[in-house]
Amino acid sequence: MIIDQATYRDGERHPCGDLSTELERVRSGGDGFLWVGLKDPTAAEFDLVNRELHLHPLAVEDAIKGHQRAKIEQYESSVFVVLKTLRYLDRTSDIETGELMLFIGDRFVVTVRKGQGNPLAEVRRRLENDPARLRFGPMGVLHAVMDSVVDTYRRVDREIQQDLEEIEETVFASSSGGDAPSIYRLKREVLEFRRGTGPLSAALADFMERGAGRHLNTDLHHLFRDVADHLKQVGDHVDGYDRLLRDVLDVHLAGVSVKQNEDMRKISAWVAMAAVPTLIAGIYGMNFDNMPELNMSVAVGGSQFYYGYFLVLVVMATIITTLYRMFKRSGWL
Amino acid sequence: MIIDQATYRDGERHPCGDLSTELERVRSGGDGFLWVGLKDPTAAEFDLVNRELHLHPLAVEDAIKGHQRAKIEQYESSVFVVLKTLRYLDRTSDIETGELMLFIGDRFVVTVRKGQGNPLAEVRRRLENDPARLRFGPMGVLHAVMDSVVDTYRRVDREIQQDLEEIEETVFASSSGGDAPSIYRLKREVLEFRRGTGPLSAALADFMERGAGRHLNTDLHHLFRDVADHLKQVGDHVDGYDRLLRDVLDVHLAGVSVKQNEDMRKISAWVAMAAVPTLIAGIYGMNFDNMPELNMSVAVGGSQFYYGYFLVLVVMATIITTLYRMFKRSGWL
Amino acid sequence: MIIDQATYRDGERHPCGDLSTELERVRSGGDGFLWVGLKDPTAAEFDLVNRELHLHPLAVEDAIKGHQRAKIEQYESSVFVVLKTLRYLDRTSDIETGELMLFIGDRFVVTVRKGQGNPLAEVRRRLENDPARLRFGPMGVLHAVMDSVVDTYRRVDREIQQDLEEIEETVFASSSGGDAPSIYRLKREVLEFRRGTGPLSAALADFMERGAGRHLNTDLHHLFRDVADHLKQVGDHVDGYDRLLRDVLDVHLAGVSVKQNEDMRKISAWVAMAAVPTLIAGIYGMNFDNMPELNMSVAVGGSQFYYGYFLVLVVMATIITTLYRMFKRSGWL
Amino acid sequence: MIIDQATYRDGERHPCGDLSTELERVRSGGDGFLWVGLKDPTAAEFDLVNRELHLHPLAVEDAIKGHQRAKIEQYESSVFVVLKTLRYLDRTSDIETGELMLFIGDRFVVTVRKGQGNPLAEVRRRLENDPARLRFGPMGVLHAVMDSVVDTYRRVDREIQQDLEEIEETVFASSSGGDAPSIYRLKREVLEFRRGTGPLSAALADFMERGAGRHLNTDLHHLFRDVADHLKQVGDHVDGYDRLLRDVLDVHLAGVSVKQNEDMRKISAWVAMAAVPTLIAGIYGMNFDNMPELNMSVAVGGSQFYYGYFLVLVVMATIITTLYRMFKRSGWL
Amino acid sequence: MIIDQATYRDGERHPCGDLSTELERVRSGGDGFLWVGLKDPTAAEFDLVNRELHLHPLAVEDAIKGHQRAKIEQYESSVFVVLKTLRYLDRTSDIETGELMLFIGDRFVVTVRKGQGNPLAEVRRRLENDPARLRFGPMGVLHAVMDSVVDTYRRVDREIQQDLEEIEETVFASSSGGDAPSIYRLKREVLEFRRGTGPLSAALADFMERGAGRHLNTDLHHLFRDVADHLKQVGDHVDGYDRLLRDVLDVHLAGVSVKQNEDMRKISAWVAMAAVPTLIAGIYGMNFDNMPELNMSVAVGGSQFYYGYFLVLVVMATIITTLYRMFKRSGWL
């Protein structure tokens, strides 16, 4: 689907009718450029655009098939750029990956968006309000688009940081806090994030070095350097998340087993408290003929009071209380 | 075994009779090339081919012995390429490794296939239907073969990803899900995969840099760059699998022990529930002369009803029920 | 807020009135430079300064937004430097991060401080007392500021080392010493520290290599090399902390579970000690008609003394004592 | 000890009498070279050789002292090579390390062998049967020796792979299979192996790059590239072993503890099965005056049959059987 | 403190009186050099030396403050070298770190030693007995000092290897052998060792590459290359220690818990052995009216022999013996 197409001359937008006429006009005028915005185009729609622009067939194939690695490829008369767009889904804390491709020629830009991430209408509007930047031509558009994509990276970066902090909190709040699947899922997100952002960082550095003279004047170079810096910052963070999540996972796994051991210790301590009184009860349940304790008595008010049983009950209670206190003090209960 | 041999001129296939005559013809004609396809050739069969083509003896030795690392070696008048072919066996989720070697001269290609992976008949057919590519000559054949091999890598990559997802699911479904041997086996597969694909990535980058002027025109360079990108993408994925499998293994191992601890806790809790009533039973089994509870009675309808026993049974049942509820609430049962 | 502004000529401080007049004076004089010190400036305050100095808009944007990565960027007529300042909070053992930016032109320096870290008044005072260094001009100021920042890094480095040593001591003092959250927190600090110091090290090396001829004479180069060395030393340490903390965490987690197991062993040993006497008591509680031990007797002073019960008590005591000694010797109690 | 010495001219072996006469002859003839083979030479024996060949004193010192790192050092008029030889001892699965040094001049080779590894008699014999290779001169000898050393590496590589597979099998066969010491020992072997082979790989790459024009013609270059490829393949494998052994160790350690936990669970389950019947027995051992179950009876053939006891036995048996089945189904027994 | 100072001319030692006179003499003579040896100099002592030699103030500052990273810095007219000296303390298996700095000018060397490590008297004596090396001048002294320092590294390396082997032995001797603190302490030593030796290796490589033409002739270059090789060998070892210690720690921690589990299993097995007889005793302690086993009897010699009790004792003994054998066979006791 063709979303929007326009010619930009002298930093101003002009409506664009027939592609081939417009292209001829900007070419002959030696000024201005054409910007065509596509979204999930079919091969046929793409063909329509390509008939006029003569894009490199390999780049076109990549653009239609999708699932490319982030890259910046220089062909003879054009540059082909693949950016991975990311979208953080609040509901599931998931990251959705999309793609954004740009064909950049001397007098035209074609942007191809796949998936929901990073709508470009906003980018176009902002550019149209900034004639100075529009005058940088197609490369200025590349910068604006890339800047917007990297801004999303930074937003996702902050979301991941928040998720990590939440997980840390639950894991460290109690020894059995957190759950392995959600830690693992965040790790997978971080990996996905790294896969999307890492290759772009390398490709951009390479592009800036090689393309310095050819495509980029000093001002553009500064602009791209700024984007590259933000990418590096994101990269630093990703590295950190990975290391921390490894530790959080370890602490969590250890914590779960610690919690279980505590339970076991508690149960065993209760059982142990019953063991000694049970032994005593067993002793006085023996059938020996002569067990003096059984008929210990004292004369109370004329009759004999057999107090043995009560004494034993007191002894048992004392033992249980003492053990309880000992275990409590050791932190076992 | 010689599988197929043909001459290609002007993007068209011509049957090829005697090797030496044909070779002379393409050389004198200044156009076209010879493509000989071998599969698991014996030294004798190889000799037959080599007598005319004068391949470098070291390369020939490698091709006959096999078990080489993926590489692209430039000799004076030819290039020798070793590719590792992979085949994912659905039944066992195993990866089978084979080899595919190419000798590329100015006017000929010899392809040598070892093992079952990556049949080339399909590649040849596709090339024969695409005269434009055939006109790239021997290097075009190299690209087509390499492209097909890397496509298999991507397919295997997807299979591995699926296996990983299945393992993740089983591991996270229940705390004792998954099994260590299958996780380890997948890790080994990933390693095998890395060994097959990693060296090629480096060799290809090196070849494109050094061979740029000599063997590759701009169009070919773009084609190979495309293959290199796909290889890099595979490489990114492999790195990720490795990291994730490490964590999956840890989570699984921890999960197994957690599951066992849960069992132990459950058993112990049951035992603990029996401990207190056992103690009580022991107490009333003691033989003291004076144990008032033993003959507690109430006058019911003229006769004495000794209710002590029943009272104790009720007490026991209450204790057991209470403990059961407590343990249930703590999640111990 | 403008904290301080002055002109330095011939290594001496001169008060500075209107910015534009001063700037013209130092430029026409071919000597001296202007140093403006800002702290958390608003966009308006910044504008005031910028109107005269014509700083690069991208750099200005970074300076106002903050949260940049440490970097040294060369623009046509100026250098823009971002330094991360660190402040170790004794109370919480936390590291607070701030930023310090410098715009360095041919005849001026603007320092912008964000957050509490690294006040520059002290740096300025020291420089004003060292006319030789002041004569290096704006780059001399950059060195002095950077030196002061890196000195703070070293101080924080020492604090972290102390924290690590304290944690080591508690972890190794007893098998359950230390606590996971504080180990993890230190790890996070180290990561934060690495994020602050690592990028600067790379940026400084790059600046020294590229800027050698342009901005730095030999003396300045030596001064910056000294700073770079200190940074590298800090970097070495950080790497070490990371590795050690990993091990400390493992030892701690293992230690906790070891401690719990010891408790369990102790409890079980006590229970085991009661098991055999309980069995014996059970045996003599059986109701068999003929149990000779029950009425073993000896004639003592005319009457029969039934000693069976006492014998059994002695046997029980012996068993318990023996088990106690055995367990004690095995280290189980 | 001098093992063998000979002059090679035109690809043929000639006996070699006095070193200095021979050396003069090959030098004046402009053709041929001298090959002296030493094994564990004393300083005196070495002196004898050195008097004529004027080897570099530092290289000589290294050769006598031994325990060097694998390296290829270029002196003005000679090249000094240290190779680590490996020998796999089948009995103990140990790797024995030795050293092989070569001094390579324009017209001579001195090989010095330390330890039992890689006898050179076989290499010499093979070279003498291949006049074409002998004509490459001293560098051809270096290649032949290095090729033989690297072949041993590949053999050791295969042995290690087999050891690893055996360990994997024992570890995964049963949950407590394998033993930590043997896994650790293999890891140590792999490390030893890496130490021997890794530095050579780097040194060889460096030598081929720098020495390309000076010492190596194209044919020799191809030969050395072949050796370098084999080395890289060995290196790939070593990396893999390391990663896998790490996991095998983890799985084994976890497996041991899992096995123990299984034992504990089994024991506890048996104890738990006895707990309920014991409680019941305790209950009917109580001495209450009125326990109706004790004298439940039924009139059978004129007399009363007291069946209470038998009923309780049946209840106990039922409980035990039920528990046994439950535990069996849960996999606890 | 000035330890020793002397002039060396033509490979011979001459006493050195006043520094400035001597320096003038060697400079005008175009031959010879001055060697001043300091140990823990005060700022004042240092000043005395510096007044004549005009060392670079930054280097002097570093030398007085100490705690530098190992480095080799080239100033215009001198080279400043910082070496970390190590000393293995046998008593505590500790490594003590010191520093050794050298200022190397065209006609002088100043050596500054901090701490107890690496006394230089021995180095000086050896050099004085080797006129050939003395003729290399100040750079020859640098080599001799560095060689001696690196020799100490190798000695420490061997000590660490021994410590590691001892720890391995104790850890693998029994499942609970070794202790975490001593493993950790060795790991810390290895880290300290790495910090001392690693930076020097990089600095030396850099110095040899850059300084090749300027400071080092071919002979000196070979000498330094030798030192660099030894350093690399030490580096290889350090890497290995780190990996092995990681595993040793894991095996130890797992071993401790395995040992504890074994104890628990043993205790539980003993308890389990008592459970069944206790149940049987409980059964025959029940008070049912009709329990035939209680009065099983046989007529022996006219009277009735009630054998029930004895039969039960035999049954109990059989059960205990059988369980004992079973547990023994399972390796639980």
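As written, the chain order gives the labels A, B, C, D and E, with residue 1 at the start of each chain.
Quick note on the criterion: a contact is a pair of C-beta atoms (placed from the backbone, for glycine too) under 8 Å apart; a residue touches a chain by one contact, two chains touch by 3 or more.
Computed from a predicted model, the values in this text were never measured in an experiment.
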**Q.** Chains contacting each of chain C and chain E, listed by label
**A.** none
Q) Over half shared or under half: which fits the residue numbers at the contact of copies chain A and chain B, same or different? A) different
Q: Quote the value, from 0 to 180 degrees and to the nearest 5, of the angle by which the CA atoms of chain D must be rotated to coincide with those of chain E.
A: 70
(Q) Centroid from C-alpha atoms only, then distance chain A to chain C, rounded to Å. What do you get? (A) 25
Q. Taking each chain's centre as the mean position of its Cα atoms, how many Å separate chain A from chain D?
A. 40
Q: Mark out which residues of chain D touch at least two other chains, giving numbers and ranges.
A: 250, 257, 261, 264, 268, 271, 275, 278, 282, 285-287, 291
Q. Hey, how would you classify the chain contact layout here, line, ring, star, complete or other?
A. ring
**Q.** Complete ring sequence of chains beginning with chain A, oriented so that chain C follows
**A.** A, C, E, D, B
Q | chain C-touching residues of chain E, taken from the complex the two chains share | A | 56, 58, 62, 68-69, 71, 73, 75-76, 180-181, 184, 187-188, 191, 195, 198-199, 242, 246, 249-250, 253, 256-257, 260-261, 263-264, 267-268, 270-271, 274-275, 277-278, 281-282, 284-287, 291, 293-295, 297, 305-309, 312-313, 316
Q. Mind pulling up the chain C residues that touch chain E in the complex?
A. 168, 172, 218, 222-223, 225-226, 229, 232-233, 236-237, 240, 243-244, 247-248, 250-251, 254-255, 257-258, 261-262, 264-265, 268-269, 271-272, 275-276, 278-279, 282-283, 285-291, 330, 332
